[in-house]
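See the structures that follow.
Okay, so subunit A shows up in both of these, paired with subunit B first and subunit C after.
Entry: the complex of A and B
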C-alpha cells in the first residue's frame, strides 16, 4: 500500500488529540525532556557545535518521531509509526537520486563534507512578477554550476491576485511552470531539475501542473511538514499523486526556532523527527532543512545556522539527501547579503548539506539573480577543494556574522532583479558584479 | 494595609508570573486582595510586570513560544478569576480591546498567537477568534465586543485577500469607522495594507503592539 494511504488510515484510526495539547505536550514538553536526556544543548556564547553531537540529535529525533507521530490536522488525530518501520524506511531510502532529465540530469545525494555540493538556484517561493519571471529564472539556469532550479511564486494572474483553492491558484501554478520551462529552454538546459509549482501552497497548483505534464518525472514538488510534526490532506494528496506520476517529493522541514520546537537544540531534534516522518509518510526523496527564527527569521542567524549544521551532523546516521536552505535577511545589491550567504554556505557545506538559494530578503522580494547562486556555489566548491575543516569554517562564519549581525533585525532588502540585472541581456550590472568580486576576494583571503 | 507590604506582594506576584509559577502567583494575588491593595496597582506592578519580564525573556531567547502561551494562560486565568470581577465595578485598567483572528482559508496561527500574547503582555484585552475566520465572524465579533482594534493575520499570499473582504464587510455593516484595523503576516506588506484600506500594518508582533498603541493614541 502507498505510504500516503498508510499515513491517512493510521491517522484516521489514531488517537484524537486537541492541537494545542499536541503542540504543548507531545512536542514542546517532550522536546525539552529529550534535550536533557540526550544532552543536546545550544550555547549562544560558544555556538560551534561539537561534531559528535550528531548521534545524540539523531537518536533524540528518532525517539520523538516514534513517540509523537505525525499529526493530521484535518482529523485532529495522530498517525503513529513503529520504530522498526522507521528503520526499515531508512534502510530502503535512496541516499543518491538522479534528478532532471537527459544531459541535464544530475545526482543529488547524501554527502560527506568532501563530496561535491548539489546547488539549487532560484528565488524559491518569492513573489516574482510574471513580467520578469522568465528572465530572472534564466539568470539562474544560465549558471553552469546550478544543478537544479526552485524559482519564484506567481501571486497575480490576469491582473487579479491569486485566491487559495480557486482556479486562479491552479493558473498561477501553471504560469509558473510554463515560465520555468521557457527559462530552461532559453538557457539551453531543458531537462534541468525543477522543484516547482510553489505558487500554490495547497495542492491545486501541483495537481494541475502534474495533470498537464508541466511537472514531470525527474522534477519535484514541495511537500512541507507543517509546524510542528503535522501534515494535512493537501500534502498527502500531492505526495500520493506525485508518487503515481513519478514526480519526486521534496520535503520542507522548517521548524520555528523559538516556537513549539523550542530553541535551536529542540529545533534540531524536531528537524530530524520531521525528516523521518516525511520520509515514511510522504515517501519524500530529498529534504530541505530550513529553520526559521521566530523573531529574526533568516537562516543566516547563529541559531539557524547551528540547527542546519547539527542536522547535517545527525544525517551521518540517516544518510539521506539533505539540502540546506540559504535565506538571508538582506537582499541583492548589499554587501551584508553576501556575508550572510557566505557564512551560511560555509557552515552548511562542512556539515554535509547540499545548498538551495540564496533567497534574498527572506523570500519576500525578488531582489537577486543567478550571479548570487554562482557566488554561493563558488564558495561551496572552494570549501570542498581546500578541504576546509568543520571548526575552521564555523570560525570564518562567525567572523562574517559580525559584519551582518546588526542588519539581521533591520535588513536592507536590496534591489529587485531588474535593477541588479540587465534583464534583456540577462547579465548582472557592473556595480553589483564588482561588489560580488570584491567580496569574493575578501573572503578568499581567509580560506 | 501598608504601601510597603503591597509593593512587596506585587513584586512577588510579578516574579511568580515571570517564573510561570501559577500557585505562587495566585497566592500572591489572594494575599494582595486580602490586604486590600489597589487592584489596578496589582495588575500594573504585579501581573503585568511579570508578563513584561516573560516578553523580555522571550526576546532574549530564554523563553520560547510554549512559555509565552503558558504565561498568557496564567495571566488570563488570574485576571478572570480574581481581578476582572473587581475591576468591572472599579474601572478597568486595560489599554484597549483587540479582536484578532487568522482570515478565512488560512489555518496558520503561530504569528497570530504571538501577536495576541504580546498585546496581552502590553495591557490589551484580546478576543482571539482563532483561525479560518470568515468576514461575517469578524463583523459579529465587532458588534458583540465593540473592540478598539480588529487585527487580521494571514500566512499565505492566497488568503491575505480575505483581509479586503473583512474590511468590505465592516463597511457594509456600518462598522468600519467605529474600529481601527491592523493587518500582518508573512506575505502582507505596508503597501498591501494601504491598498485594502487598513489603518496599520504590523511587521512582527512587537511592531503590531506599537502600532496598536499608536492607533489608540490617535483614536482618543
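Entry: the complex of A and C
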C-alpha cells in the first residue's frame, strides 16, 4: 500500500488530540526533555558545534518521531509509526537519486563533506512578477554549475490576486510551470531538474501541473511538513499523485526556531523527526532543511546555521539527500547579502548539505539573479576542493557574521532582478558583478 | 588562503538574436585561476599576452554548440 494511504488510515484510526495539546505537550514539552536526555545544547557564546553531536541529535529526533508521530490537522488525529518501520524506511531509502532528464540529468545524494555539492538555483517561492518570470528563471539556468531550479511563485493572474484552492491557484501553477519550461528552453537546458508548483499553497497547483504534463517524471514538487510534526490532506494527496506520476517529493522541513520546536537545539531534534516522518509518510526523495528564526527569519542567523549544521551532522546516521536552504535577510546589490550567502554556504557545505538558493530578502522580494547562485556555487566548490575543515569553515562564517549581524534585523532588501540584470540580454549588470567581485576580494584579504 | 576566485565569466541569452553569449572579462585572471577548469583552458587558448585585449565574447546559436566549443578547447 502507498505510504500516503498508510499515513491517512493510521491517522483516521489514531488518537484524537487537540492541536494546542499536541503542540505544547507532544512537541514542546517532550522536546525539552529530549534535549536534556540526549545532552543537545546550543550555546550562543560558543556556537561552533562539536561534530560528535550528530549522533545525539539523530537519536533524539528518532525518539521524537516514534513517540509524537505525525499530526493530521484535517482529522485532529495522530498517525504513529513504529520504530521498526522507521528503520526499515531508512534502510530502503535511496541515498542517491538521478533528477532531471536526458543530458541535463544530475545526481543528488547524501554527501560527505568532500563530495560534490548539488546546487539548486532560483528564487524558491518568492513572489515574482510574470513579466520577468522567464528571464529571472533563465538567469539561473544559464549558470552551468546550477544543477536544478526552484524558482519563484506567481501571486496574481489576469490582474487578480490568486486565491487558495480556487481555479486562479491552478492557473498560477500552470503559468509558473509554463514559464519555467520556456526559461529552460531558452538556456538550452530543457531537461534540467525542476522543483516546481511553488505558486500553490495547497495541492491544486501541483495537481493541475501534473495532470497537464508540466510537472514530469524527473521533476519534484514541494511537500512541506507543517509546523511542527504536522501534515494535511493537501500534502498527502499531492504526494500520492506524485508517486503515481513519477514526480519526486521534496520535503520541506522548516521548524520555527523559537516556536513550538523551542530553540536551536530543539529545532534540530524536530528537524530530524520531521525528515523521518516525511520519508515514511510522503515517500519523499530529498529533504530541504530550512530553519526559520521566529524573529530574525534568515537561515544565515547563527541559530539557524547551527541547526542546519547539526542536522547535517545527524544525517551521517540517516544518509539521506539533504539540501540546506540559503535564505539571507538582505538582498541582491548589497554586500551584506553576499556575506550572508558566504557564511551560510561555508557552514552548510562542511556539514554535508547540498545547497538551494540564495533566496534574497527572506524570500519576500525577487531581488536576485543567477550570478548570485554562481557566487554561492563557486564558494561551495572551493570549500570542497581545498578540503576546508569543519572548524575552519565555522570560524570563517563567524568572521563574516560580524559583517552582517547588525543588518539581520533591519535588512536592506536590495534591488529587483530587473535592476540587477539587463533583462533583454539576461546578463548581470556591470555594477552588480563589480560589487560581487570586490566582495570576494575583500573576503579573501581580510578573512 | 583566498577562498574564492572572482566571477570572471557569464553565460547570457540575447533575446533579440536568440543566441547564447559567453563572455570572459579577464582572460589572464581566468587562465590563472583556472575557474571551473574548462573555462581556464578556454581562457588559456585565447590569451595572447599581457598587452593583448583580455576581454572575450563569443556568441553561440544554442547550448550544444557552446558545450561543443568548450569540449574542443579542452581537447585542443
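Points to keep in mind about this one:
In this section, the second predicted complex is superposed on the first by the 443 of 447 C-alpha atoms of A that agree within 3 Å, B and C clash if a C-alpha of one lies under 4 Å from a C-alpha of the other, contacts with A are read in each partner's own complex, and residues count from 1 in each chain.
The working rule: contacts are C-beta pairs under 8 Å (C-beta built on N, C-alpha and C of every residue); 3 or more make two chains touch, one makes a residue touch a chain.
Just so we're clear, the structure is a prediction, and the values are computed from it rather than from any experiment.
On the superposed subunit A, the positions of subunit B and subunit C stay apart, so the two partners fit side by side. By the touch criterion defined above, A:425 reaches subunit C but does not reach subunit B.
By the touch criterion defined above, A:145 lies against subunit C but remains apart from subunit B after alignment on the C-alpha atoms of chain A. After overlaying the two complexes on the shared chain, residue contacts for A:39 are found with neither subunit B nor subunit C. Touch criterion not met for A:167: it reaches neither subunit B nor subunit C.
In the superposition on chain A, no contact is made by A:114 with either subunit B or subunit C. After overlaying the two complexes on the shared chain, residue contacts for A:258 are found with subunit B alone; subunit C is out of touch. No C-alpha atom of subunit B lies closer than 31 Å to any C-alpha atom of subunit C in the overlay.
Contacts from subunit A toward subunit B in the complex involve residues 23-24, 28-29, 44, 73, 127, 153, 155, 161-166, 169, 200-202, 227, 232, 256, 258-260, 262-263, 266, 294-295, 303, 364. Across the complex, subunit B meets subunit A through its residues 58-59, 61, 64-66, 69-70, 105-107, 110, 114, 156-159, 161, 186-187, 189, 204. Here subunit C touches subunit A in the complex through residues 1-7, 10-16, 20-21, 23, 25, 35-36, 62-64, 66, going by the rule given at the top. Interface of subunit A with subunit C (complex): residues 135, 138, 142-145, 186-189, 342, 371, 374-375, 378-379, 381-383, 386, 388, 396, 424-428, 433, 436-437, 440-441, 443-444, 447.
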